[in-house]
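Across the two complexes that follow, chain A remains constant while its partner is chain B and subsequently chain C.
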Partner chain A sequence: MSVLATVKTVIDTEGTARHNLLPVLTSLRSKLGSLSPEILKNVSQIMDIPMAHVYGTATFYSFLETKPMGKNVIRLCRTISCDMHGKRDVLNALEDVLAVKNGETTTDGLFTLTETNCLGHCHEGPVMLVNDEVFSSLKPENIPAIIDEIRKKR
Partner chain B sequence: MKKIKIQIDNREVEVDEGTTILKAAEKLNIHIPTLCHHEDLCIAGNCRVCVVEVEGANLLSASCATPVMEGMKIHTNSMKVRNTRRTILDMLLSEHAGECTSCTRSGNCELQTLAGYYASPDNALLDISIKSKPDTSSPSITKDDSKCIRCQRCVRTCEEIQKVGALSMSGKGEHAKVSTFFELPLNTVICTNCGQCVTRCPTGALVERSYIDEVWDALSNPDVHTVVQTAPAVRVGLGEALGHDPGGRFTGKMVSALRNLGFDAVFDTNFTADLTIIEEGSELLARLTNVLTGDKSAQLPMFTSCSPGWIKFIEHRWPHLLGHLSTCKSPQQMFGPLAKTRYPEATGVNPQKICSISIMPCTAKKFEADRPEMRASGFKDVDYVLTTRELAKMIKQAGIDFDALEESECDSMLGKHTGAAVIFGATGGVMEAAIRTVYELVTGRQVPFENLNITPVRGMEGIREATLKIEGTVEKYRFLEGVEVKVAIAHGLINADKLMEAVNGGNAPWHFIEVMACPGGCLSGGGQPIPTSPDIRAARANAIYEEDASLLLRKSHENPEITKLYEEFLVDGPLGHTSHHLLHTHYTPRP
Partner chain C sequence: MSEDKINKMQEKINLIFSDCEVCEVVSQALAEDPEQILKMLLVSSLRGRGGAGFPTSLKWKFARQAPGDRKFVIVNADEGEPGTFKDREILEKVPYKVFAGMAICAHTIGAREGFIYLRGEYNYMRKTLEEQIQDFHNKIAGKLDFVIKIVSGAGAYVCGEETALIESMEGKRGEPRNKPPYPVTAGYLGCPTVVNNVETLVYVTMIMKMGPQHFASLGTQHSRGAKVFSISGDTPIPGIYELELGMSLAEFVELFGDGDTKAVQVGGAGGFCVPRKKFTETIIGFEGVPTGGSMMLFNSTRSMYNVLHNYLDFFCEESCGQCTPCRVGCQQLRKGIEEVKNHSLKPVHLDVLKKMTDTMRYASKCGLGQSVPNSFNSIIDNFREEIIF
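Showing the complex of A and B:
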């Protein structure tokens, strides 16, 4: 299905009123990956919301990326509890295994490594989210196995 | 309406239910400082500068966003309020890469003024401002995020007044900023260049793109022959930028100032406003004739085409309605080619050496002059466009004592004008000028309004309508006998959009629609002195109508220089071959 057709289908389902913008963008993010200019332009036209406003809404939410992302998005919690439990070593391990820096995407497009605010698992930090799955009580030495597992799955 | 009694700074006041503390304080002549608040816009309540102390409340309240409640005791100048205001200003300044001394808005910056009143004397907080590169892609507007305080007046203006929405907030927290779609350059997005954001920006984050240096270069070059035109609204705005109250008229002094600045020929856009009426009036009659005689291709209603912000808006938003736009160029762009064809032909000046400069109340005119179609003379028809504000700045730079200037008149040939041209500066003015001429052409009599004042088309209502029954037609226009000509006027693009919805839906009873992009018309254009408010616009409109009433000739077709122009130069008459080549244009869909 083309981008335009997908956008149309999603808006048909969610509704064209302005307050439907967030569910529309959330749904498109999961169906089409990161929200490209083409996607947002189509949303703007069909819902008759100015393009800049659609972009503004998308950029307000961390999980509605507007920049190209890898197939799997790793979000490592950057807040204080995880930090105190060794988040930096975990980040180093992730950077080593994936051969990217924080904020970058692997050359094969499989992974994007990024940080996020609190995921609410402070009692079992450090914690990270890979797509929709939570990985808690992380240790640097476990990282290669976790990444291998995800590689195999997808 | 229910009345509410409150106390502000120990003084009683009674106001309507729903009034904000800010407005209630105004009633007592207590001035509470504001930044994000603007009379023309919805409440935002984000800058917090207007905080006040309400007895019994733990937190301070934003007075712009808090409605009064019975028995409230409010303090606008307590120690707590003063300390908080200072902290707020200090924080705004810590993020503001000011360049205060050289900023375009220095001396007219709301942040600078409030900082002077309230901020700590020694920059109390760390400087965490980010100096970003300004977006200079647009020929009209420069956007400099490092000066932005994120009050969102521009965002609200673009959406609420213009229905354009070229700007929005993106990101959040410390990364929040005013952005275009994907932060693309301004010249590539839907921006109409109207500059209404510029006249509402409290700082120098949005300013006009300045061409003052280029114009000084031309004025200083002995090989360049400078020709200048000034739009009708400039003369009722210029005074404000030079220290006068709104509503003053400075036509004569402005002309003298332009001569003192060194312009070789000082002409008037009003002359081509009169010319526009002849061409556009003829076009309207031609379209009416075609429709009434069964020509299906003629499109009515016809829309005026003087406002370049409006033109870009319709090109973006209603491209399939472009056929309704009059093909007449705006007065600025009618003047341009005449200054490089008619003027050199009559005077022997080499057209290659002419630099044509216009002074406009408008930022979109800068874009208009740059349009590729605007080279009918074989050169760029208008070389540089300056705003009213830029002219005021040049007058200051040159050390001219404006108030002491003698009054003088424009040079002849492209300088004489009628009152009909003057009122082009106000919403409804183009319509009124057109009706004065068209009615007389068709009936041989003056419009049936006292003193030529067609009051139904005047005023500040966003959309106005009027009907004029045509009776007693002359032979040539007998087919119009008894026809009720219906017109509509819109100012502010959100109102224009409503008319377009009607036209698009086939529910438009009108024959002729005037649109000016800016609220109030050109008199409150994006290039006019800052600030703007309903009162200021009313004062400027008043000045425009006074100027019209003060003139002997008040109908475009009575301008003797226009008659001469058709006799000597545009010899095949209105809508003729030469007119078509020099004075008419086409439009570009921008989906």
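Showing the complex of A and C:
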């Protein structure tokens, strides 16, 4: 499906009213990987919302990335409770296994590694989200297996 | 030892996670006159569990009295305060009690539509919740004309602030609004709206079921009832606990500490840091240190500089940037402690920063900017040497 066709389908499902903008953007982000200027322009035209507002809304939310992202986005919690329980070692392990630095995408486009704020699992830190899935009580030595598993699945 | 004691304390309360025939409670509430429900809530002295502690009966009364045909009930499940994870646990374990609380609210204020604003981080729960909502709809069909929908957030802490949450639901940037008007008169789509925390609504359900006196008999004069605490950090038993309000921090640390607790951060990044020497005199509750539930324990191996720096990183990133005291203030506080730490500024600079937090407290538009001074000042005042050296 072309970008335009996807945008149209999503807007048909979610609705064209202004208050549907966030669900529309969230759905496009998950279907198309990130919100490129082309996508945002289409949304602006079809929903009849000024481009500045569409862009402004998209860039406000950290899960609505406007830059190209890997197929799987890893968000490691950087809040103090996870930090106290070994988050830095987990980050190092992730950087080693994926051969990227925090904030970067792997060359095969499969993974983006990034940090995020409190994920709401502070009693079983360190925690990370991979797309929508939660991985808790992480240990550096378990990271290679987790990444392998995701590689196989997708 | 302490685990036995904790279990006993929890058994005594056991309101949030207890089994409950929600259909019965809803039917019973629907048979009541809304004014009677407001009276029950008033007697129970229930105050909001989302942090601000606004009396629930009053909030509902305002929304009931506000003119308008279309009204909304919104559950605030944006839970982004560092160290808080109780709302997730409640939604996973007793979702029907949350829906029941929404239905009781709808009946009381005259709403037909309800929303759960679920933070993007909890997307994995969405499908299950939607099925449960559908089931709940079937259960109340014919009794109450009320529909619940889920709206997903997308990674913005400030959207937990109720007016930012409403802006976000309207498809905009999650920037808090000027108040007044408050949501109870002009909320979602300009209509009267009640925004309540997840936990608050479960207590409503339980107050309906057990009567208001039981709830009011727990806790203290200023902090009636119980509260769900999210306990993390240096503790052998991290997790979710429902405890009476009004406990002293000394008692708390006795139960949950690892024997070497040097400070407890009560209320998350926007809360207060209490040092060991003040444990005995500090009450957990509205009369002492209020909390949305986040309790983080730190032992003597932890650097309070790192803790404060972590909180400031959080605020710098999550400030919506709408008003200068908060946007610039957060950046300057972080830069300031970094420069004092690396000795490019003298320690007295900390006093300049503290003065600036006065401006943040008075001139910031919403609770985010207004609460940054809480953790900043309480850490600087109690652990000054750790910031400097």
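The working rule: the second predicted complex is superposed on the first by the 154 of 154 C-alpha atoms of A that agree within 3 Å, B and C clash if a C-alpha of one lies under 4 Å from a C-alpha of the other, contacts with A are read in each partner's own complex, and residues count from 1 in each chain.
Just so it is clear, a contact is a pair of C-beta atoms (placed from the backbone, for glycine too) under 8 Å apart; a residue touches a chain by one contact, two chains touch by 3 or more.
No experiment lies behind these values; they were computed from the predicted model shown.
**Student:** First (chain B), second (chain C), both or neither: which does A:T66 touch?
**Tutor:** first
**Student:** In the superposed model, which partner reaches more residues of chain A, chain B or chain C?
**Tutor:** Result: the larger residue contact count on chain A belongs to C.
**Student:** May I ask you to decide whether A:P37 touches chain B, chain C, both, or neither, giving the answer as first, second, both or neither?
**Tutor:** first
**Student:** Please indicate which partner A:L119 is in contact with in the superposed arrangement: first for chain B, second for chain C, both, or neither.
**Tutor:** So A:L119 only meets chain C here.
**Student:** With the two structures laid over each other on chain A, which partner does A:G56 touch: chain B (first), chain C (second), both, or neither?
**Tutor:** The answer is both, since A:G56 touches chain B and chain C.
**Student:** Check chain A for residues that touch chain B in one structure and chain C in the other, and list them.
**Tutor:** 49, 53, 56, 60
**Student:** Sort out for me which residues of chain B touch chain A in the complex.
**Tutor:** Listed in rising order, the residues are 159, 164-172, 179-182, 189-190.
**Student:** Over in the complex, which chain C residues touch chain A? Could you list them?
**Tutor:** Touch residues, chain C against chain A: 79-85, 87-88, 119-124, 151-157, 168-175, 189, 230-234, 238-240, 296, 298, 302, 306-307, 310-311, 313-314, 317-318, 320.
**Student:** Residue numbers of chain A touching chain B in their complex, please.
**Tutor:** 37, 40-41, 44, 49-56, 59-60, 66
**Student:** Once bound in the complex, which stretches of chain A touch chain C?
**Tutor:** 17-23, 25-26, 29, 49, 53, 56-57, 60-64, 78-81, 83-84, 116-125, 129, 132-134
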